[in-house]
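Next come two complexes built around chain A: one with chain B, the other with chain C.
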Partner chain A sequence: MAKDVKPTRKNLMQIEDRIELSERGHDTLEKKRDGLIMEFMDILDQAQDVREDLDDSYDRAQRAINMARAMEGDVAVRGAAAALKEHPELTTQSKNIMGVVVPQIESSKVRKSLDERGYGVMGTSARIDEAAEAYEELLENIILAAEVETAMKKMLEEIETTKRRVNALEFKLLPDLYDNQEYIEQKLEEQEREEIFRMKKIKAKKEEEEDALATEEEAQEEPEAVTADD
Partner chain B sequence: MSSRTGTSGQGSNYEYVIARVRARSASLFDDDDYRKLVRMGTGEIARFMEETEYETEMNALGSRYDGVDLVEYALNRNLAKHFDDLLRWSEGALYDYIARYLRKFDVWNVKTVIRGLYSDAERTEVEDDLIQAGEFTERRVEDLLNAGSVEEVVEQLDDTIFGESLAEAFDVYEESGVLVPLENALDRAFYETLLSGLPDNPEIDSPTGLYVEFLETEVDFRNLRNALRLARSGADIDPSEYFIEGGQLFDEQEVAQLSTNLDQLVSAVRESKYGEDLDQALSSLEEADNLIDFERALDAALLEYADRLSNRYPLSVCPVLSYVLKKEREVDNIRAIARGREAGLGPDEIEQELVIL
Partner chain C sequence: MSQEIAVIGSPEFTTGFRLAGVRKFADVPSDEKDEQLDDAVEEMLNDDDVGIVVMHDDDLSHLSRGVRQDAETSVEPVMVTLGGGTGSGGLREQIKRAIGIDLMDED
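Our next item is the complex of A and B:
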């Protein structure tokens, strides 16, 4: 890499600018990575809680529906479920966590009161209510888990990208730039030394020539003086 | 399926019907059968059923269903066959007494058809879920299945006990778009005709008195279930909308007042004539807020009451009604065992859920 760079002062200045920019970028990205990791740890805790709740509510819902199917019959449970056509509504918005856009899922009509579930109250039992309630809770937890786990996934991707960028700066770009800087500096110093040496040489040569000229002039002046004495 | 209509007022054939009912009662599953069943796997249960009363239905449905679905559909078909026989055998007042209780299967069938239309289900799916144990004729059920819309179903039922209330509820259904008003109208029509036309103050210990008392208990327990579910749900629902006239436990105002406070409701039941029978279940309800255990206790209390009925007046509607309840309970119990085993529940857990005398 260093060999591809022309060892000019202009390039050195450009490289120095890039180094400064990269160092600043490296610090910022490191801070971002650390910040993302901290945010991620918070989301991870939340995701673990949500996942536990989801598992619990799934077990509860399965148990409730199994009991309802056992005691009321599969036909009755399916019938009660068929009495409702309206689906819960989900709206997604987005929020920004340290530059990462994560979804925010708003749900409505998930929890329903007894008179909103479609089936008649008089001809059904508490087991059907319990199964419906347990599934409403499960659905709420699924929506929450979807939100938290998507945020977690996106944060992880961002952490990974940031980490790659930090590493690229730290282990590739900056070392290359330092190498280039050192190479150009060395080259420039070398050129400077050569220049000084050349200048010295020229100066010495000039002095030599001047001395020679002076000696010649002196030599010419001396016979003229002898002639005058005569 | 029976195609007869009620002939209340004509002579009843109690001797014939009760003789046949006694024979059928003898073939109901006993405790030993349940003990065996709860320890079997689902395949074993199906095989066991093939060697019992349910053999014909198991074989007939075996090519279409398997596993626990086969058991459940066979149970429903067998129940329908037995109850249809009861209606076919009985005459006069006895027919009327039995029919008014079995109309709950007509309610079930209408609900199933309406739900099928509402959810755009296939006709065969709806047909499979029907339990043709009520008073509707095969022709009427077929017409209901052929209906293309909920409105058509409501029109077809115009000449039945459900006609008036369904027509009123249809307007509400059209406005709201949910089936609740139609389903409630069907249930209300069933419960309100359960006691209509029966003597207001029959002799207390007479067969009719016991029958009326049983129906009143059924209405009371339904009101109690509804009140408890409403109280527990906390929904903003007017409890009087779900009140069924005819019971002895509450009047409309009491229900409206008690449904807002679970404690007061429990104390009111404790002080009623059902307090003794339901004491344990009420305590459990207060402690654990467990409505399901309480509903099971209500079922057990009804069954026990029906068992008492069967021994009091051998030549009355009482043994028939007792058989109807026991048969329903048998079907519920076998289905609970099969579904419970399918869901991986242990024998103890299943036994706890069963209602056995």
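Our next item is the complex of A and C:
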């Protein structure tokens, strides 16, 4: 890489500009990464609480439906399940956390009163009602978990991309630019030294020539002086 | 746009959710999960009307590698798994990769 650039002053200036920009970008991205991780930690705490609630309500719901199955029989439970008319609906809005768009899920018709469920009140027992209620609670917790876990997934993706960018700048782009800068600086210094050496050589040669000329002139003048004496 | 919740799993798993009003479900009997679960999950993931897919954590092991990865990383719809504790559904692995440490380590 370092050998690909031409060692000119113009290139050196360009590389210095790029180094300045990359360093600034690197600092900003590093701050972004740290900020995202801090936001992520908050969400993680929240997610752990939501998960605990979710697991609890899942256990409760399972117990309730097993009880209903044991008391009423599987067919009755399935029959009641098939009779449901109201269905839970989700609407998604979005929220922005440090440039990451995370969803906010709102639900309707999750909790239903007895007469909204659709299966007859007379034909079914309280066990089935209890199971239905437990599962409605579970659905609410699932929706919460979905919201928090989607936010976590999106933030993790963003953290990963930012981390990759920071590393690319820190371990690839910036070292290459520094190499190029050093290469050009050394080449330019070498050229300067060569130039000085050349100048010295020329100066020495010129002086030599001048000396030679002077001695020649002197040599020519001396015989003339001798002839003048005569 | 309003979306729905979908449930995939054995008939015993889905019945309870249907009791709570979930309309979209895929019943896959336990002995046919290896063959049918992949298709059921793919179908739900490609359905625009589905906002959340609910599955049991144990069922993820019946999925083929590609489908499992799609399911675990999918954001629309998002997959919620039950019965696997915190960090189930590939989240723990993703955190380890992105942050560099296992934040869900309970020890």
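A few notes on this one:
Basically, the second predicted complex is superposed on the first by the 192 of 230 C-alpha atoms of A that agree within 3 Å, B and C clash if a C-alpha of one lies under 4 Å from a C-alpha of the other, contacts with A are read in each partner's own complex, and residues count from 1 in each chain.
By definition in this document, a contact is a pair of C-beta atoms (placed from the backbone, for glycine too) under 8 Å apart; a residue touches a chain by one contact, two chains touch by 3 or more.
This structure is a prediction, so every number in the text was calculated from the model and none was measured.
Superposition of the two structures on chain A shows chain C fitting alongside chain B with no clash. Of the two partner chains placed by superposition, only chain C is touched by A:R51; chain B is not. When the two complexes are overlaid on their common chain A, residue A:R78 makes contact with chain B and with chain C alike. By the touch criterion defined above, A:I19 lies against neither chain B nor chain C after alignment on the C-alpha atoms of chain A.
In the superposed model, A:A126 makes contact with chain B only, not with chain C.
Legend: residue contacts after superposition of the two complexes on their common chain; A:L173 is shown touching neither chain B nor chain C. Here chain B and chain C are compared by how many residues of chain A each touches, and C touches more.
Of the two partner chains, both chain B and chain C are touched by A:E86.
Within the superposed three-chain model, A:K163 lies in touch with chain C and out of touch with chain B [touch as defined at top]. Measuring only between alpha carbons, the smallest separation of chain B from chain C in this overlay is 10 Å. With the contact threshold set out at the top, residues 62, 78, 82, 84, 86, 117 of chain A are in contact with chain B in one structure and with chain C in the other. The touching residues of chain C, when paired with chain A in their complex, are 1-5, 15-23, 51-52, 54, 73, 75, 78, 80, 82-83, 85-87, 89, 91, 94-95, 97-99, 103. Of all the residues in chain A, the ones that touch chain C in their complex are 37, 40-41, 44, 47-48, 51-52, 54-55, 58, 61-62, 65, 77-78, 80-82, 84, 86-92, 105, 109-110, 112, 117, 128, 131-132, 134-136, 138-139, 142-143, 145-146, 149-150, 152-154, 156-157, 159-160, 163. Chain B makes touch with chain A in their complex at residues 68-69, 72, 76, 107-108, 111-112, 115-116, 118-119, 121, 129, 177-180, 182-184, 186-188, 191, 222, 225-226, 228-230, 232-237, 242, 244, 291-292, 294-295, 332, 335-340, 342-343, 345, 350, 353. In the complex of the two chains, the chain A residues touching chain B come out as 62-63, 66-67, 69-71, 73-75, 78-79, 82-86, 113-123, 125-127, 129-130.
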